[in-house]
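The chains carry the letters A, B and C, assigned in the order they are written, with residues numbered from 1 in each.
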Amino acid sequence: MTEVDRRQDRAPVPTDWTYAPAPESRDIVRLAERYGHFIGGEWADPAETYGTIAPRDEEVLAQVGQGTEQDVDAAVTAARDAFANGWSELPGSERAKYLFRIARILQERSREFAVLESLNGGKPIKESRDVDLPLAAAHFFYYAGWADKLEYAFPNRQPKPVGVAGQIIPWNFPLLMLAWKIAPALACGNTVVLKPAETTPLTALLFCDVLRQAELPAGVVNIVTGDGRTGAAIVDHPDVDKIAFTGSTEVGKAIQRRLAGTGKKLTLELGGKAANIVFDDSALDQAVEGIVNGIYFNQGHVCCAGSRLFAQESIVEPLVDKLKQRLETLRVGDPLDKNTDVGAINSKMQLDKITELVAAGKEEGAEIYQPPCRLPEKGYWFAPTVFTNVAQSYRIAQEEIFGPVLSVLTFRTPEEAVEKANNTPYGLSAGVWTEKGSRILWMAQQMRAGVVWANTFNRFDPSSPFGGYKESGFGREGGLHGLEPYLRFEE
Amino acid sequence: MTRLPVKKTYKLFVGGAFPRSESGRTYEAEGQNVARGSRKDARDAVQAARKAQAGWAAATAYNRGQVLYRLAEMVEARTAEFAELCSGSDEVERTIDRIVWYAGWSDKLPQVLGGSNPVAGPYFNFTVPEPTGVVAVLAPEEPALLGLVSRLVPPLVGGNAVVAVASESHPLAAIELAEAIATSDLPGGVVNILTGRRGEIAPTLASHMDVNAIDLCGADGDGRELEELAAENVKRIVHGRADTQSPWEISSYLELKTVWHPIGQ
Amino acid sequence: MAQAPALPTGFELPLEPRLPRIGSVDAVALEERGASLAKRSIKKEAKVFALELAIRCIDLTTLEGSDTPGKAAALCSKAVRPDPSDPNVPSCAAVCVYENLVPTCVERLRGTGVHVASVATGFPSGQYPTDLKVADARRAVELGADEVDMVIDRGAFLSGRYAKVYDEIVKVKEAVGKAHLKVILETGELGTYDNVRRASLLAMAAGADFIKTSTGKIPSAATLPVALCMLEAIRDVHHETGRVVGFKPAGGVRAAKQAVQHLILVHETLGADWLTPDRYRIGASSLLNDVLMQLRKEKTGAYQNPDYFTID
């Protein structure tokens, strides 16, 4: 008689453990019905607006402005005025204190921002709470410290601010990308016109309230919302000295073309198709965690996502078995639920793109696996997906999907892994999993990528430079190197 | 009876060899018939550069420094010949000194440009500079020798391979330099020098998908059209100055790679 | 559940279908995974489920030199009926005592379904000759213990004499017959997660029915990453051989919240099949009352005071 039988009369043993919903309250966020552009420290009423939604259920959260050329011009003018009339002359130590204030206020209001980020963007609250917000605050804190130390970062070069920086950011890490852009720009003494992504403007708009609380001088940061047309107006504006863009390679190339011959400074942080290479001697269970974190973190809406898994042939079976088993424990659902691992796809457009590429993968002959999970009916959802039997030539192994879709390929020798991993026009990031020290360093050296994660993946830090090789862009964000794009030198 | 001197044929320098232009064309410059490189020659040069680049990058920094120092020796040995082909011995001496100055940077760059980053977590994190790959250089019209060397050597020091387009009006110094390079220890293909019409060759290099960076120093006008072509594969664009010497010139052709590794027992 | 050891010698997994693989563990990633699972938010009925399950899985333990038959008897009463005011609260899985107290517990627990577990093999140090350890374990069963918690010879393990560790487990397993054998690794003395994994695989290959983290006698005991590391080893053995091995974290689990975190770890590593006292135990003493307090809070909505719960 088993123990369970013996005890049955007293205490029946339930067989399943379903976690009760654990929603983070959204009451902490107070949204206006309608938002204008934040120009010269004031809210400018937009001529035209559009509804920004919550991708989890398509609820319209607010109306936001569709920035016009006139709006952008007003913002650039405000930024230029602020630059010329005080900000660029302010001692670095004073600029630093504004940035420290911003960092602190972000920490104090972090839950409010995290909830809004998850609501408007669809990412799980545990990520916005534990990754986006702490990192955004840390970025301001890190660059605050640089503001009065620039001459030590660039000895003998007499660093000077560039002027007005036009910054265009994506929808995958809305506030974090804002921090990556604004913090170094202000630390170097520039003023800013920033356009958040069309689908995720709300945390950037809430950030304007942080600027008010920090008493940042009017016009130092201006936020204009809108779609690609607004971005183009920023790129084309003659009085913008520097463009920083994070987004798709396609748009990045278009921006580089538009800026040809203008002499404007440019940094591009573009797409990727990172290889995550697992050797047979690696710590497999941790490698599986790294693979999962590499491609399902933020629904795979990550430019440096480990979307191509290269498994050494001798372990491909146990690795894929483990991976599939692990996928079954991923909890897909309400971004505001604290137990959600994979949230909503950011937009209908992105969902269509993922759906299309996954269909192409099936058609080309790859074998698809998706764990059993019930997706909500409303909103935009896509189940975590693994493709096996993928050939290097398939679209799913070549194109950036920007969704929770992993392609599994195999290799036999380190050299083959390097060749296949580098066989892409992108070069943003790579992952290597092996317990052998010399091989880690060799692989790290061979990867044509700006960030190499060895025995880890998708780690970020304000002190760590980030940026791509090849068509993944140029310039670095983060660290000392992240200052350079926002400075000119009078050597 | 006076002896009739043997005259030199001025050819291209591609993959360590001195071919004529595949087009069979020449143009007259500085009183000589100089090879007029074609788009196909540019393509061959890029191919040669790509083939040689990995090996050059893999050489130790110490070795690269020595090879470049050896190049300075080779130029020094030809001071008289070079002086005839540029503004004079002063320019040659400055050129030699510049090569020596840059040669010394090869094994110091990673310490100046890279470093370790104190990330908030149990990770060792470091940043190292690496060559971007194949670099196209449009040398300035003048100074014929110093201008070319000032633009050519910075990408070389960092481990890139270069395809340079010589001064269109003063190409002879570039060809002389190619001969010095051929007798130095630089592996064939690491430096390729094309002569000819810049307006013809430059767009091919700017649009070439296997060129990683382009220096528009010698470009005509503001280089807008070349920049537009260069955007197709997100080339690194440099507007170099003809006579300058700085480690930041080198860093224009370097990528920064950041590596993370956990620290644990 | 008792099955033959997977391998007659050594502790590698079977050669077929692939090479033997002990594997390694990355400490940082393991700890991060443990920490991230600890952040699961378990509420309402899910929490009640977890708290009741925790009680059902507790090996209520006293392992002191000062233990007396009186103390053991009280522990038994508490294990059978942890909360006299609420008959819906289930019994614990077992009591865990030194050998001398086994007869008292057997007497007290007869017919209750609560098991008697005895520590043995020179607990806690294991620094005794093999024949004494084997005799020790055999004696525990003769005295009536349903389960035996043995310690491995860490001295032998750390000096690379894996065969000695293995052989001792095999002999003890033989000696205890049908009684359940839990093998204590004393992970806090093993130094690295690689060693924890190695020792886990070794114990399972030698015939352990359960693997257990600690004696509770040293400060570093059942941490979440150690538990995760051992659960992953159990998962590998199950995947490779089909063998089911149970897991028992012991030592350091004092709060209901920790117990729930441990249960989450099992749930998301081995699945719901392991959420039963047949396959999962928590070795604890003070934990029980905290779980009871939390459970009553969930049922009544009011935060509790320890004086409303009996000490033993």
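Some observations on this one:
By our rule, a contact is a pair of C-beta atoms (placed from the backbone, for glycine too) under 8 Å apart; a residue touches a chain by one contact, two chains touch by 3 or more.
The structure presented is a predicted model; accordingly, all values stated were derived computationally and were not measured.
With centres defined by CA atoms alone, the chain at the far end from chain C is B.
The central chain here, found by comparing per-chain C-alpha centres with the mean of all protein C-alpha atoms, is A. The distance from the centre of chain A to the centre of chain B, with each centre set as the mean of the Cα atoms, comes to 37 Å.
If you average the Cα atoms of chain B and of chain C, the two centres end up 68 Å apart. A straight line joining the Cα centres of chain A and chain C is 42 Å long. The multi-chain contact residues of chain A, meaning those touching 2 or more other chains, are 455-456.
Residues of chain B in contact with at least two other chains: 123, 262.
Counting only residues that touch two or more partner chains, chain C has 26, 28-29.
Residues 115, 117-121, 123, 125, 127, 132, 212, 222-228, 230-234, 236, 239, 246, 248, 255-262 of chain B are the ones touching chain A in the complex. Here chain C touches chain B in the complex through residues 26-29, 31, 191-193, going by the rule given at the top. Chain A makes touch with chain B in their complex at residues 138, 157, 249, 252-254, 256-257, 259-261, 263, 268, 270, 425, 440, 444, 447, 449-456, 459, 461, 463-467, 469-474, 476, 479-481, 489, 491.
Remark: chain B residues 122-123, 262-265 touch chain C in the complex. Residues 2-4, 6-7, 10-11, 13-22, 126, 130, 281-286, 289-290, 314-315, 317-318, 321, 329, 338-339, 435, 455-456 of chain A touch chain C in their complex.
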